[in-house]
Amino acid sequence: MSHNSFGHLFRVTTFGESHGPALGCVVDGCPPGLALDADDIQGFLDRRRPGQSRFTTQRQEPDRVKILSGVFADGPDAPQLTTGTPIALMIENVDQRSKDYGDIKDKYRPGHADFTYEAKYGIRDYRGGGRSSARETAARVAAGGVARKVIPGVSVRGALVQVGPHRIDRSRWDWAQVDQNPFFCPDPEAAVLWADYLDGIRKAGSSVGAVIEVVAEGVPAGWGAPVYGKLDADLAAALMSINAVKGVEIGDGFAVAELTGEANADEMRQGNAGPRFLANHAGGILGGISSGQPVVARFAVKPTSSILTPRQTVDRSGAETDLLTKGRHDPCVGIRAVPVGEAMVACVLADHFLRHRGQTGR
Amino acid sequence: MSHNSFGHLFRVTTFGESHGPALGCVVDGCPPGLALDADDIQGFLDRRRPGQSRFTTQRQEPDRVKILSGVFADGPDAPQLTTGTPIALMIENVDQRSKDYGDIKDKYRPGHADFTYEAKYGIRDYRGGGRSSARETAARVAAGGVARKVIPGVSVRGALVQVGPHRIDRSRWDWAQVDQNPFFCPDPEAAVLWADYLDGIRKAGSSVGAVIEVVAEGVPAGWGAPVYGKLDADLAAALMSINAVKGVEIGDGFAVAELTGEANADEMRQGNAGPRFLANHAGGILGGISSGQPVVARFAVKPTSSILTPRQTVDRSGAETDLLTKGRHDPCVGIRAVPVGEAMVACVLADHFLRHRGQTGR
Amino acid sequence: MSHNSFGHLFRVTTFGESHGPALGCVVDGCPPGLALDADDIQGFLDRRRPGQSRFTTQRQEPDRVKILSGVFADGPDAPQLTTGTPIALMIENVDQRSKDYGDIKDKYRPGHADFTYEAKYGIRDYRGGGRSSARETAARVAAGGVARKVIPGVSVRGALVQVGPHRIDRSRWDWAQVDQNPFFCPDPEAAVLWADYLDGIRKAGSSVGAVIEVVAEGVPAGWGAPVYGKLDADLAAALMSINAVKGVEIGDGFAVAELTGEANADEMRQGNAGPRFLANHAGGILGGISSGQPVVARFAVKPTSSILTPRQTVDRSGAETDLLTKGRHDPCVGIRAVPVGEAMVACVLADHFLRHRGQTGR
Amino acid sequence: MSHNSFGHLFRVTTFGESHGPALGCVVDGCPPGLALDADDIQGFLDRRRPGQSRFTTQRQEPDRVKILSGVFADGPDAPQLTTGTPIALMIENVDQRSKDYGDIKDKYRPGHADFTYEAKYGIRDYRGGGRSSARETAARVAAGGVARKVIPGVSVRGALVQVGPHRIDRSRWDWAQVDQNPFFCPDPEAAVLWADYLDGIRKAGSSVGAVIEVVAEGVPAGWGAPVYGKLDADLAAALMSINAVKGVEIGDGFAVAELTGEANADEMRQGNAGPRFLANHAGGILGGISSGQPVVARFAVKPTSSILTPRQTVDRSGAETDLLTKGRHDPCVGIRAVPVGEAMVACVLADHFLRHRGQTGR
């Protein structure tokens, strides 16, 4: 993937810093004729928006998206449709509190990208983390809203499956629960437990990691472009590119190391609509190509490093010092990563749908 | 990543099927003036070559690489140097046994890409798995040999750290051991245990998964191209694109889910040559940019699905049937993935070195 | 080049329609630490802006550019610098007259892209030509303003060298004249003649074509990425992608067909700073690589098809009809192509500077 | 376009030097299921092959192409089909005369890329021009042979339309004549005149330029990806990337500068199968999108700089000297550019067919 773009035929370019005038994206290569207005996208942004519960940062951003280009309504009563030209989406930053950045202006926050951005570029927009802020992911979610229009037969849903040491019980998985709790948790009992657990983390000014699972159903067999544009390779890059992600799995993921060939290979029988599989260890991808089964991806998000406990660090002059992060932060930044993960998966699938159609005509 | 190419400035395109005339790659964008001859590359291919122990497939391929272009020696005694033009590398297939493919010609091997290749393309080169064969990875290893020349100050080394349920004891990690056993295992005691364990697997005609770790030392702070060309995002794609890989981790990987912010953030002190870190949970990458610490990546390889136990499947006509895979196969295909993982990491690093130099001049 | 992006390391993505809310671009991969504020870019936009003389369309657009991201001033008195992150530039459309598009809504304007956009996308934003409007080139000019910052030692200047049948006298070429007339004409006598000639064209409601020449001085030897990323190949694509361009030449261009090898090859002598050339038939590019001589490119712009004479056409229903274009138009749209051509050349050069530096370290 | 690759979905990567072991290409993204064997490609290579008349270089190369990958025949009597995986094509160099390169080893041939390759890379494969040799175009022609299979309804034909000052009479244009003379000349009378003219050039050890026209018929309306992947922009890059090309035109090309809007805009009437045009000044492309008319591109090739007349130059040490080129050379290298131009146009069209199908499903 290039610097700030990803995808080949459905190509997303994002821009924007945490405390600049605006952030957004340009979605290029979208098929024409798809109904699209700002509300379609806004719904996804609202799910990602911070400040909706005590478990996410209290920064208040309305995150209103504007469509700047790429759509057209042929008359006042006509639906607004994509035209096939680039769709620019913009979200203005409104909560740019004027404040003193003195502390983080010169000190490198451990676990954050302060030091590496400065090492790379020799300059760093320290306001709210600049480009490395989680705020950047709003643009991904907006792009994902467009991507979903491209693949209407595909359902892309995400859920939080682990918070700190606490995993869900998969036997209780219920997609309907995901929007019933502030964690996108499919297991109602885990959600109760997590609330308690995260209250403790939050009050301690600490933070904790999480694991998110995204499932795409309705993906037909055949998407993916081996051997480097494999569907799983592109998903891995897309998910790993989300802030704070340190691991990505497809299907059984790391658990395959312990499996034998007998246990791991998903056997096949003949179904009404062609071959069907008796299991889905593969997570819906074989040889980098979708198999027609649900595509299952999982990713791990580290705890945010913005915590109230002082940590050892250095400043730009090389002096050793301590740093603690005051102000708004996320006790579990992984929660808000759920709609971001969904968006990235939707974008990758939309791109591979078009690429597959381009090469094969199907 | 596009179909069969990856990288931006250091760009690798591979080709070839398991039983075609040849496989190979074109490495484009290599800096000029680097000493390169076939022997430099051959050493890496020899490490990947099958048939070197009873724990890998017995297919015998000399895997001799020829350099077709992109190098020049200015006189009979002058060193052969890269010229900056594309370097084509070719490996001829010599062990293409004439045989009857009747069984796998029409049946989809469970766990393999037979069904998905056919679903995508409507045609399938079934001889030895065609393009989806592990044989394809020889071209990656060859490209990696060129990549290492581009980043001479960086050491890229891999090791097998888990076979089936058996993990190494990291306290016994000794890089010198890696070439002393047929498993690229850094823990000599684990290697002994694995030999026994894999003999059992092999005799049972079964197979098992594995985890590989690749460590790159000497990577300076600053490589990576956020937010989609993050170093970890490109590593994730590169490693996930290797056959049979189902998971990728950077640094602590999935374990970060259980960590608190206090435990996870690597604190900093001032060292002689600038900031240094007191730990490396991040695996050498923060915000998608290298931190100067060792870059640590890990990936899980599933057990090969070519086993002697019959498995349920269907054939192209839709008839239900059983299949068992006779002939040569790998009890633990993860072993040979070690040099492949190294090669992919080397290619990604070489590319990011050039991209960073391009943008920043450093 | 992909749909709406061009360049590899210095990569420009543009968006926007003639009558949408805004148009703009995202410039990705810009080196960090370059002083950049909106005024730097505004100057170039002002040169392209319509309505500055009677020889260009009377549409009034202030074309004020806003920088949405990618720059940072470290304190109120510090200069605003690029940070290496994507630079988003936005120009809001303010002169979107509410009007009846009835005539062009359904009829295909001959010579315009109405029919082909509809053939491709099945939908067409007919307001002012939508994406195919010359208005789109404002985003190119904005991007060019950033590109010039990347190559401060290079001067990129353009001039109109032919209007209709009237060519300049090259012996009178004077760069200082270019800003002294409404035509970017380097020959003051030609400018006087063109004023008369174009007044006639304008009053007749007609239009005429033109040829623009862009010269880049200060390009060192070595830029260009043969054999497909040749400097001249990228220039050709960049210039041909400008609206209404039908031809591109480098150096002597089509005149080389009539030359012999003796006349065409630029001989070399030794200068103070290395080899120098005795002529520049090559236009500063040999084998796709800059030679250190001025890079000379030329492109032909067709007459705008918006004229007052009725032309035969068909409408969407297939009925035959006539069409004449009322309202604002350009008697010679080639005039405003001068700053656009400069911008495209600057972007290509900036990209090749970074690519060359990436591959070779120089 | 990147270094040695072009195209997005139909992507061609070439490699090889004039006097290395082999040259060739990898064609990636080809649709599966197309009948393809070496003979299909060989025919096009034979047209480009040198030494077929006294008007081209006497270097003898059989230029036999081998398909290394990407095709499969399902049984001994089955047709060989593309599989959708990368198609590698290789042409071994057999006429690598062992000779003394002493003269051109150190001297920069004026008009050639010797100096610029060395300025860029610091090293130069001087044997036969290395990568900058016209020999490289054999790989383009091979790729073009594959491209034609992708667009079977499109006819791509080229012709030489000008040699030195001598243009064809377009009223005598007869495609059937093109293969009846050694010049690919569609005007039999011009061919006779050219033979005389070029005999004079050849005997004088001189050379001369030429203009080639390529016409693609059967291209449906809708191909092209504005605004940077315009069909004409990609054609311009593709043609300008051919060795020695200095200008590219679409349709009326530079002549549009002299036209008025009335004369230039192709009027439309309703035909049996939708809108039809009354003229084709546009060369089949409007707004960067094909219009359904024949696509017409023209390019100018400079005279080769390898001539028998001594020219002033310098050597690597900076000493001034003279140089004349002994041995085999082309009096009009433009002749052999005809099949090369066809191949480049075919590749661009194949790519845009797939891209259009990917985005729109048509």
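Just a few scattered comments:
Here the chain labels run A, B, C and D in written order, and each chain numbers its own residues starting at 1.
Just so it is clear, contacts are C-beta pairs under 8 Å (C-beta built on N, C-alpha and C of every residue); 3 or more make two chains touch, one makes a residue touch a chain.
Please read all numbers here as calculations on a predicted model, not as lab measurements.
Between A-B and A-D, more C-beta contact pairs are found at A-B. Of all chains, the one whose Cα centroid sits at the greatest distance from that of chain D is A. In this assembly, the C-alpha centroid of chain A lies 27 Å from the C-alpha centroid of chain B.
Averaged Cα coordinates give chain A a centre that lies 45 Å from the centre of chain D. Multi-chain contact residues of chain D (touching two or more other chains) are listed as 2-5, 8, 14, 29, 32, 84-85, 120-122, 131, 226, 360. Taken as a contact graph, the chains are fully connected, with every chain touching every other chain. Across the complex, chain C meets chain A through its residues 2-5, 8, 11, 13-17, 20-24, 26, 28-29, 32-33, 66-70, 72, 74, 81, 83-88, 90, 120-125, 127, 130-131.
Across the complex, chain D meets chain C through its residues 1-6, 8, 14, 108-113, 115-117, 119-122, 131-132, 136, 162-165, 201, 206-211, 221-230, 232-241, 243, 245-270, 274-275, 278, 281-283, 285-292, 300-307, 309, 311-314, 318-320, 334, 356, 360. The touching residues of chain A, when paired with chain D in their complex, are 8-9, 29-32, 84-85, 226, 354-355, 357-361.
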